[in-house]
Amino acid sequence: MSELFHESLLNEFPEALWDEAAGAVILPGANALAIAEWLLASGWDYCSNVTGVDYLEAEVKEKITNDAGETETVTRTEPGRIDVVYHLYSMANKTGPLIIKQRTGREGATVKSLTPVWRSCDLQEREVYDLFGVDFKGHPDQRRILMWDEFEGHPMRRDYIEPFDYEWEPTAHTEILEKHQRGKVIV
Amino acid sequence: MSLELIKDILLATVPLLVIFPSLFAFTTWMERKALARIQNRIGPNKIGIPCTRIGLFGLGQPAADGIKMIFKEDIVPRGADKLFHLLAPILALIPAMLILCFLPLEFPWGKFMSGQVQAFLLDSAVIFFFAISGLATLAIFMAGWASRNKYSLLGGMRAVAQMVSYEIPLVLSAVVVVMMAGSLNAKEIADVQTGFNWFVLTPWGLAAFIVFFVAALAETNRSPFDLPEAESEIIAGYFTEYSGFKFALFFLGEYIAMFAISGLAVTLFLGAGDGPFLAVAPWLSVVWFIAKIFGLIAVMIWLRGTLPRLRVDQLMAFAWKFLLPLSIFNILLAGMSHHVTVAYPGTTAQVVTWTVSLVGMYVMAKGLDKISRSTAKPREYLYAE
Amino acid sequence: MTQEITFWVLAVIAVLGALVAVRRRNLIHGVFALMIFFAALAGLFLLLLAEFIAAVQILVYIGAVGILLLFAIMLTERVTGDDARDITSRGSFWGWVAALAVLVFLLLPAIQSADLPQTTEPYNPSVKALGQQMMNPYVVTLEVLALLLTAALIGAVAASQGGEKKKEDADDA
Amino acid sequence: MTTAAPNYELLQQEGLETSLLEISMGPHHPSTHGVFRMDVKLDGETVVELRPVFGYLHRNHEKLAENMTYLSSMPFTDRLDYFNSMTNNWAYALAAEKLIEVEVPERAEYLRVIMAELTRLVNHVTLVGFFVNDLGALGTPLMYAFREREKILDLFEQASGARMMCNYFRFGGLRNDVPEGWLDRTRELVDRFPAFLDEYEQLLCENEIILSRTQGVGNLSRELAVNAGITGPMLRASGVNYDLRKVDAYGIYDRFKFRVPYTDGDTGDCYDRFMIRMLEMRESVAILKQALADIPEGDIIGKVSKVFKPKPAEAYGRIEGPKGELGFYLIADGTTKPYRYRVRPPSLINLTVLRDMCLGGKIADACIILGSIDIVLGEVDR
Amino acid sequence: MSILGGGIFKGMAVTLRNFVGSYFSKERFITTNEYSWRPESELPQSIGDYPKEEGEQLSDTTTVNHYSRNFPMLLHDTGEPMDTIRCVACQICERECPPQCIYIEKSTEKKENADGKPQFYPAKFDIDVSVCMSCQICVEVCPFDAIVMNSQFELSTPDRFGGLLVRRDDLLKSNDYYHKIHPQEAATRDERMAADKAAKEAKKKAAAEKAKAAAEAKAAAAEAANESKEDTE
């Protein structure tokens, strides 16, 4: 049922986009909350999973048929973005996942919080705020959940650099670690 | 100062100070072994004869604990009230030791062979017993307050509330026996029960014994009522901030109080020192007395291994709404059955009063139970294919 | 001979306990000192072979009144007792004068004129006799006292219950 | 973490009612099942305010997985909910198998169900033991639970090599076949388990003290449970018949006939949660009997290379773990390492309603409500 | 429960049954550890008379057979350890190890190994046992069956720094020791290795024949070609 459902969602709210690769509906920033309420009303009563995904600035080579008809590869820089992915299920009629995403830029990332609609997003949105730095508008109690409050930075971002660990003591394992550090490049 | 008097007093009190702490050591071993066996474990079996491998079923464990406690560092929290922090364990121990003297134990040596002169052959022994055992409440409160720690404060408050409200059913259930025995003196109560007509074998005696035993459990903070030291809620309650020998003193106090209260239960209900073969060897009465005490303590350990803990408000409701009315009703029953048997001598009246009081007691208990705990019963569940 | 020694020891403990109870700044220490005073008093009763009264003294005064005081201190706010409020005793001079006056004009004459009974026959108190007494001549006073106490008990419960009622009404409204 | 360290002074309140006692039932507390802290404000014994604090066991499991191949992060899934390593592995294997086409042989499917149901028994029996231990029974039910758990852990050790950190599932099947004689030992254990369950129920289910302590405590309504994303036995105790073994019918659960116990939703308190787990154990025994009866011979793992490069795609695999719905959300970007690896922790999400259930109750109730939610801090903090 | 306190008495009956049962039925008294790959007679009856020889550890006796695993060990076939070592220092296990606790330094020159082929060998092979989480990933990814899980767990050392870094020579254990502690697993592993070797020989023989056949065919074709050339001249 969920495959068909996103058609009715799209024609209900034309401004929502459909991301074919991930099979997800991308909610526009403006009325994300309204769409969420509509979804809750139409049976999607259980929001199982809220995830933050961080995409860095990346060059994307695409084959496009330019005006002359042949295909040539054009490198386009994809701007960095953070997705907040919600997996919705319906406990009432036991139907499969409906995936909705909210997209925001990497600097000053702000997204509508869906906790007023589904309370299960409460702690998970706090975790995305804590580890990704996404500010959820309308979240009842937005604090750091896993890190201690005086912690700066957001560890799950791809470009996060660990602070120098001054309490670290050299042990026999150090040479092993240095060898692995040399060999491994954090992507 | 006649030396004779000093000798008598020493002969009466020193055995108490020697025998009961050693019984305390044995009880700690017994408790740990029994609890272990209930939980299918072995329990302490390594410490037997020092510097050898002979385990001797772990009988050396209490000695080892004692030595460990002596050498453990005694930490006093900075904010604590030093004087009262020190006084609390001592005050917990003194009343426990004191009430041991009121038990009608005739030690078989010296002049007391004939048993007439006993250190504290007081007329109002039972009232002294309850008066002095009330002091333990003070000690626990003092410990809770002096440690300046939130958890021990909670533990202290719970302890005071619990012991104050369980002392009344305790006293009232003892009143029945005193009424029937006609005297407050422990020795006379014991004499009335010689020859196997123990009070526990009469219906109102049995009811009073059950109420007394449950209230005694609460008085010594044992199993279903061990709220002051509820480790799952308030860490260790009033003795959270105690370590080293003060901690051991608290335990000594608790166990000796357990001995004392079960000793009184034995005196009042189970015919202190009364048992077979007394004619042959009168000194057997001490053995029977201590055997009965260990019987009661075994039941306490058994309860500790089985039952979870009550909540504070349920504890209070149980005392005021269940035990208290029950013990008052029991006094009425005892009075009624006494006068009926006096008025109509003969076995038919005896049988009638016994059945009436037994049935009445049970109906009253069921009624009270229904009022206080009406909704709690096992439920049925649905199944989905 | 031993009676005199124990009497003086108990008397001194009692007086000291009372003094500490009055002078101590920390209220909790004060209450516990008061209890030591009660205990010494019970000891004196024992000396007079009135063991029932001694037992009741311990049971009622230390067991109930003492704990009542502790509860009172516990439940009232900001009287934890160890903060540094100094007890000023401004008019201590006039206090001494009043005490001396009471001693000289009231106590001393009373002690001289009282004729203490010098009985010699052994006095053996027994609880049974006390019980008998309480039953036949004084049974009425006993019942009245019992009623009075029950009324007080019910009153106390109503008073504390009342508090909750008011609060509950406030919450419901 | 709270911002300023909560002041431990007695709060000075105006007026005459007693001051609030602020206690931090801190990371080091006997009944918080691990390093979990609750800042509790008490009025006497009643809980006025309760704030859970997480993060003491946080080691950023998800960032670790982004720098390792799919196979290398399988042993780390054991450390999520360290009571049920087999079901953690299965959830991760299920999600990864959606990324790559691999056909899981019959024997492996049967063994997966057997291992998962044995883990459910271990988890429920130990949880009931800890729950009653919080109630105050000095360890006796817990010791009986551990005695049974020992037998099952020995079976895990003989099958996978380790008692708790089994690391036994692989993408497309299992790491190695069970040694011979293992299935008979499991059949013997499963036959003896109902007798133990009867004794356990006789000890616990009609005990008046447990009845009066747990009934009416920590009520969770059906609507709040669904809205707060509660899953697992806690949800079924609040009256919603939602069990992923029946809804998704992943693996070969549709071949087994078993029942799902739930309530009619009018109470949903600690006693229901405790009883639902006791009844679920009997259903797991029923499944085990059927699975052990008709397990076929055959190889144990499908054709898949140890280090593989899945096509760029997203996959969300979820299973009915003993604590609730355990989900893995993997985003593959064509390399040997997952681009994003997200764990949906049932313990953390079930804690959303802890505050709603504890307010108004006593401090003793707060402990057993936390016990009835059944959290493991490895999964809460990841 | 009809009678008052019925549930509590039932519960007490259970604990009494367990109390009595713990003295009689073995079912209620599982504390002895009866898993060991050594016969019963060789097991130590009390802690007093063990370990017998110097260096032998108690853990050699009380380990679970089949697949119990603790820390890895390097295997060498029968004979002098360094000659018959199986590991060729290909460093796959070092790369795949999740907690990264293996450290290998490849030898510069090659050495004859068991079946005569010159191979590299690990000059240094250290495992930091304090970091290893005994997850057996290294055993799975090793193509030469050179590393296997040992079930010895008495590795405590007073020295916190170097003590827990187990060197190559302590890791090396013989294959028949492996057969002793994990009989079934060792057996399946040896069968599989034998089967692979046989398959390899068969493939090599087949390849050789094919190569010979192809050579003959080429030679025949060459002869046919130059015969046809001779015809055409």
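Note that the chains take the letters A, B, C, D and E in the order they are written out, and that residue 1 is the start of every chain.
Everything below uses one rule, namely that a contact is a pair of C-beta atoms (placed from the backbone, for glycine too) under 8 Å apart; a residue touches a chain by one contact, two chains touch by 3 or more.
A quick note: this is a predicted structure, and the numbers were derived from the prediction, not measured.
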Separation of chain C from chain E in touching-chain steps, minimised, is 2
At the largest C-alpha centroid distance from chain C we find chain E
Sorted by contact pairs, first entry is B-D
Per-chain C-alpha mean nearest global C-alpha mean belongs to chain D
In terms of mean CA position, the chain most removed from chain B is A
Separation of the C-alpha centres, chain A versus chain E, in whole Å, is 42
The distance between the C-alpha centres of chain A and chain D, rounded to whole Å, is 26
Chain-centre distance (mean CA atoms) for chain B and chain E, in whole Å, is 61
Taking each chain's mean CA coordinate, chain A and chain B are separated, in whole Å, by 64
Expected list for chain B, residues touching two or more other chains, is 38-41, 305-307
Shared-interface residues of chain E (touching two or more other chains) are 8, 11, 14-15, 18, 28, 30
So, in the complex, the side of chain E touching chain D is made of residues 1, 5-8, 10-11, 13-15, 17-18, 28, 30, 35, 64-69, 96-98, 133-137, 140-141, 149, 184-185
In the complex, chain B touches chain E at residues 34, 37-42, 53, 302-303, 305-307, 362, 365-366, 369
Within the complex, chain D is touched by chain B residues 35, 38-41, 150-151, 153-154, 223-224, 226, 230-235, 304-314, 373, 375-379, 381-385
Chain E residues touching chain A in their complex are 95, 100-103, 126, 128, 130-131, 160-162, 164-165
In the complex, the residues of chain A that touch chain D are 21-24, 45-49, 51, 53, 85, 87, 91, 94, 97, 99, 118-124, 131, 144-149, 155-156, 184, 186-187
